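Should a chain be cited, it is by its letter among A, B, C and D, assigned in written order, with residues numbered from 1 in that chain.
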Amino acid sequence: MGFPLLSLVTFLPLVGVLIILFLRREQEAAIRWVAFLTSALTFLVSLLLVVNFDRTEAGFQFVERAAWIPAWGIDYFVGLDGISLWLVLLTTLISAIAILSSFTAITERVKAYYLLMLLLQVAMVGVFVALDLFLFYVFWEFTLVPMFLLIGIWGGPRRVYAAVKFFLYTLVGSILMLLAILYLGLQTGSFALPDLMAQSGRWVGTAAELWLFLAFAVAFAIKVPLWPFHSWLPDAHVEAPTAGSVILAGILLKMGTYGFLRFNLPLFPQASRTMAPIVAGLAVVGILYGAVVSFAQDDVKKLVAFSSVSHLGFVMLGLFALNGIGIQGAVLQMVNHGLSTGALFLIVGILYERRHTRDMDRFGGLWALMPLYGTLTLIVVLSSLGLPGLNGFIGEFTILQGAFASEVLGWGYTALAAFGVVLAAIYLLTMFQRVFLGQSRDPANAELAHQPLRWHELAVLVPILVLIFWIGLHPNTFFGPMQRSVEAVVGFLGGSALAGW
Amino acid sequence: MMVPIPYYIILSAILFTLGAVGFLVRRNAILIFMSVELMLNAANLAFIAFARYFNRLEGQVLVFFVLTVAAAEVAIGLALIVVIFRTKHSIDVDQVSTLSG
Amino acid sequence: MDAVLDYAFLAILFPIIGLLLNAFLGDRWRERGVAWVACLASGAALVVSLLVFAALLGRPPEARLVERTLYPWISAGALQVPFALRLDPLSVTMMLVVTGVGTIIHIYAVGYMHGDPRFQRFFVYMNLFLASMLVLVMGNNYLVLFIGWELVGLCSYLLIGFWFEDLSKAAAARKAFVVNRIGDFGFLLGLFLLFVTFGTLEFGPIFEMAEQSATVVLAGLTLPMRDVVTIITLLLFVGAVGKSAQIPLYVWLPDAMAGPTPVSALIHAATMVTAGVYMVTRSAVLYEMAPLSSGLVAWVGALTALLAATIAVGQFDIKRVLAYSTISQLGFMMAAVGLGGYTAGMFHLVTHAFFKALLFLAAGSVIHGLQHGMHASAASQGAEAFPASASPLPPPDPHDPQDMRNMGGLRERQPLTFWTYTIGALALAGLPPLAGFFSKDEILADALERNPAIWLVLTVAAFFTAFYMGRQLWLIFFGRPRTEAAAHAEESGPVMTIPLILLALGSVVAGLINFPGPHPFADFIRHHAAPFNPTVALTSTVLALIALGLAYRIYRDRLRATTDPDPLLQTARGLFVGAYNAWYVDRSYHRVFVQGFYALAAFLARPVEAGVIDGTVNGVARLVRRTAGQLRRLQTGYVRQYALAVMVGVVAIVAWFLLSA
Amino acid sequence: MDLPTVLFFLHALIAVGSAVAMLTSRNAVHAALWLVVNFVTIALFFLTLAAPFIAMVQITVYAGAIMVLFLFVIMLLGAERLGGEERFAFQRPLALLLAGALLVEIVYLLLSPSARALAAMPALTQEGTPQAVGQLLFSRYLFPFELTSVLLLVAMIGVLVLTKD
């Protein structure tokens, strides 16, 4: 075991926590900067992971393992493969962006806010690097608390309702997962993922496999959220502060899809094959349903929230295509959604901070008032609706191609899901039109012309835009390292999936 | 000739039950506390009896710890009673039901 | 010379550099700097295209296919898509059309857009369009083609909604994008099926495999290649229907005229909308294997040609007439390629690019002139009061510079525009020796040879074409000015008229590239060309002359005031009103699809989402709360009662021990 | 019946009697004094069970320190007697019933065949002298022993915090 780089990336934000604890509550600027610099530093350190990543290796790298609760075979066991690599990077990036985006938006209880943000970051990275199921569960649940508080304290008018709903809904699923984790641990005597994968013969093919699959699936499906378990999401998004929404959409939802990919597929391959048509069916319903409902919203944030339901449907469809193309597309789409939807929430936040409303009927003509802002929004909107040349297209195309080529799904899934691309154009362009085009419908908008984007608002959007173009034009930077790991997962699923169809 | 262990245990049980009864029927917070002490003592008696029977000193060590805990508990408990008395001007436990659901 | 081929990607790169320069630095320059950058970028792309053309000509005919991989674009599992270019006669033809017409229109737009506050943005979009269109035509696989395909759609969206302060223009832009997306939906499915069938998306290997293997194994079934290809080509055609505005997805194109006129000329007449024709030609191998698909292509094209031509007769908006005319001409091209007349289709694509761009630009010049006239006349007199008219159609808006009823007599005010417009119109009507004559004639000759029914439909459509062009000429340029604005209209400046002259020149001589007999163009793109058919040529020329004469008889001096009803309204009232309303197709679509979608969205968002899905969740929560409300009564707060409960538990547990022991 | 048994019953009678007296005293001070008696008798039992150290601790800590604390608080609050009526009529009979049931259960358990083995008392080998207990406390149970110091500290601070005005 060499230098514990992965643990460093995971726990580095705690340094910031420690420093902030020693600052006085009134030193708000110092607190902000410490929080931002810590998370920015974490992001830079996490870049070392990419640099040192061995893309020819299918298994886990940067592995660290130490006994934690030896009596029950629980270890502190972390590692990274080509799939979690990008999610860890996404987390460190989005966390830094979310912290920077709160500089002017959060003015109350500043100290507590940034402490929670940094703690949340630790937990989220932990989720993506944990290889011990128990450790995973601890990190998984630990993300709930800071998020609960972020929504509940700094949220909108119905924040308490939204926070409690978010907390309880996700907790219900997690409990089933805990039971399944304990069952697995007791069966095999180990909670380590590689051990469990090696011993999966114990339950594969039995009725237990199906139940275990379902127990994990419910937890993850609520987190994703897979239709029809999504109704906590719009409430949480609408009430959460901007940075909370960014993190929620950008990272927390990915924990669900990541869970499916990391645990459900390799541990329960046969159940995955059996259940694939059902899960993919729900995903397709989610794609269409999310898109149509999104169209009917007046609140921009709610619109974006429902669009997440639709986009995550694509990710789920790709995963349950159960072949290399679909899964690679799904992993990339997780990153894409984190960037695009995160950016959309940032954009809505910028507007909300100035106008204190998100009702689309009260905007209009904003492109003329804020040309740069309008253009940036348009790029993000286009990325979100899957325009070729930008990131969304690569993900969606690969997913749909994977689903089309899938052994377990019929062509109908792809056909219906592809129609979601049409619907995405409808609701996103309608949103753009209602907010940015035409004439202003509220005289209060005139002030916006005098409030151009501030430096930190640009600073949060620019890196995202760079990545939007990068992924769109050269996706192989991202496909390359995940290739082998995805092949390994596909290998567990059996069949000729390696070939692609 | 020694007194057999069951005698001690039965005595311990009787004392324990008496303590429980005291806890349940008295309203005076201090008396309730005393009943708790009685129950602890009953338990201690059982510990010592078994320690003698098994010839193990661990039982006695445990009683030692129980005594320490009891001391701490009494200190805190009585302080609580004092605080309650200050606000409610009574130590009748039936006067205190703010935790009612 | 071959070295040029390695640098063909520069054709795409130059406009990209141009747009980046203008986007990031353009606000520091004045209009002049922006214009120079944009036009030079476009001109550089033209030069590259010409050099590539020359390089290809320098090679023997069978070696005129060069592929250059720029970099591997997508490698996900088995899906391997390179970003690669394919240079062959077909793509070079398109490159020349795109960059040639594109450069001329860029120059024209410098004058047309002069003074617009978003001048810089306009040229950024235009350069982006050029780059995207070049990606579309130069890609060596369907996915790269699709990038261009969607990006030109984006440019179309941005440019239709260029004056987005007008919500109707923004809505037209969205409509265009969404309708195109519906087509792209089919196209995407076609791509998926192509990939699972052939394992690649590159043109070369696909065409080779399609021709060589008779069967294909899909999802465990062995299917005849012919059937699979039929499905593929049908799906791809859905995309072409959207992009090239064919029945039933043509409805976006007339609305797309909301964009600035140079955009209508470049995107919505000369280049982007022909992408569907290009795609079908590119996939000729596949379409030839699937008679069902190509038959459908031909019929959809022919019917679109006829339908749009009839609608064009009933329009008053100068650009709408041209828009429906474009749809109609695209129908001609589609019919041609559907019938296997790829040469004729592509030939018509080229000539049409010239004369339709010319018509649009000249129309822009007319509009420009009329706007000047309006400014001039507004100073001398107030708003004109119009008497109510008895017409079933709404009277013209006196401030609409595009309504032909507000024009008349412009021949004298704008002579250069008049002459170039006339050349374009006659080329479109198909009079010899103009370019349109040769290309249209070749289509008709092909049609008569292969499918006389389609020939008949197309001939009728050609008749209507000549008629509505005649109508337009008379309404705009002849008679007396019907408004003050028309009387004060001014000729446009040289930056606009020189492009008109260039395009007019092209409209005259472009027919030469596939002059009957040697058919040089057919040789170049290596597709068959129908021999010259004197009967067809004579018939269509005579019909066109009759139609023009008829228009002259009907419209000569009949409209004297803006409120005078159209003469056709008296002779064929029902038909004219129907044509004016585009046979109510758009309206029905709105009723059924748009409002249906609104209703569905409202239904899902309110009763279903709030009631059923969230209702279930909140229902469970309410149930828990109610149960808890009952259970909380157990928590009396009396510590002794809690103790009693504990005691019950103790007794019970001990009893359980006793009984189980 | 031999002497130790007789003495045991005598002692037991005092223990139970003092407990009952404590329960039934109306005056809290009396109850506390009865409890002291009870504690002392239990300390005597400890002596007979070879636990002299614990017996001494019992007397000093319980009968001494803790009970003094009780008496002190009773005096401080002046709450020897409680007025008012029992509000829950079911509390007392139910309590007696449950206590009786528990007692019956325990006795039954001790009379069960498996408990017979307890009857024979093995010979004494380990006496709970201060030295023996101390050695155990400072060796194997050192950590818990140290923890009790923390516990007592916490209790001390807790009391100060709670009763501070």
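Here is the rule we go by: contacts are C-beta pairs under 8 Å (C-beta built on N, C-alpha and C of every residue); 3 or more make two chains touch, one makes a residue touch a chain.
Being a predicted model, the structure only gives us computed values, none of them experimental.
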item	value
Interface with more contacting C-beta pairs, comparing A-C to B-D	B-D
Geometric centre distance via CA averages, subunit D-subunit A, whole Å	59
Approximate Å spacing (C-alpha centroids) for the pair subunit A, subunit C	37
Averaged-CA centre spacing for the pair subunit B and subunit A, given as whole angstrom	54
Whole-Å separation of chain centres (CA-atom averages), subunit B against subunit D	6
Junction residues of subunit B - those touching two or more other chains	20, 24, 27, 94
Multi-partner residues of subunit D (at least 2 other chains)	88, 91, 94-95, 98-99, 102, 106
Subunit A: positions in contact with at least two other chains	none
Chain contact topology (line, ring, star, complete or other)	other
In the complex, subunit B residues that touch subunit D	1-11, 13-15, 17-22, 24-28, 30-31, 33-35, 37-38, 41, 44-45, 48-49, 51-53, 55-58, 60-61, 63-65, 67-76, 78-83, 85, 90-92, 94
Of subunit C, residues touching subunit D in the complex	638, 640-641, 644, 647-648, 650-651, 654-655, 657-658, 661
Residues of subunit C touching subunit A in the complex	71-79, 143, 146-147, 149-151, 154, 157, 161, 164-167, 170-171, 174, 177-178, 181-182, 184-185, 188-189, 191-193, 195-196, 219, 597, 600-602, 604-606, 608-609, 613-614, 617, 621
List of subunit D residues in touch with subunit C within their complex	88, 91, 94-95, 98-99, 101-102, 105-106, 108-109, 112, 114
Touching residues on subunit C, where the partner in the complex is subunit B	631-640, 643-644, 647
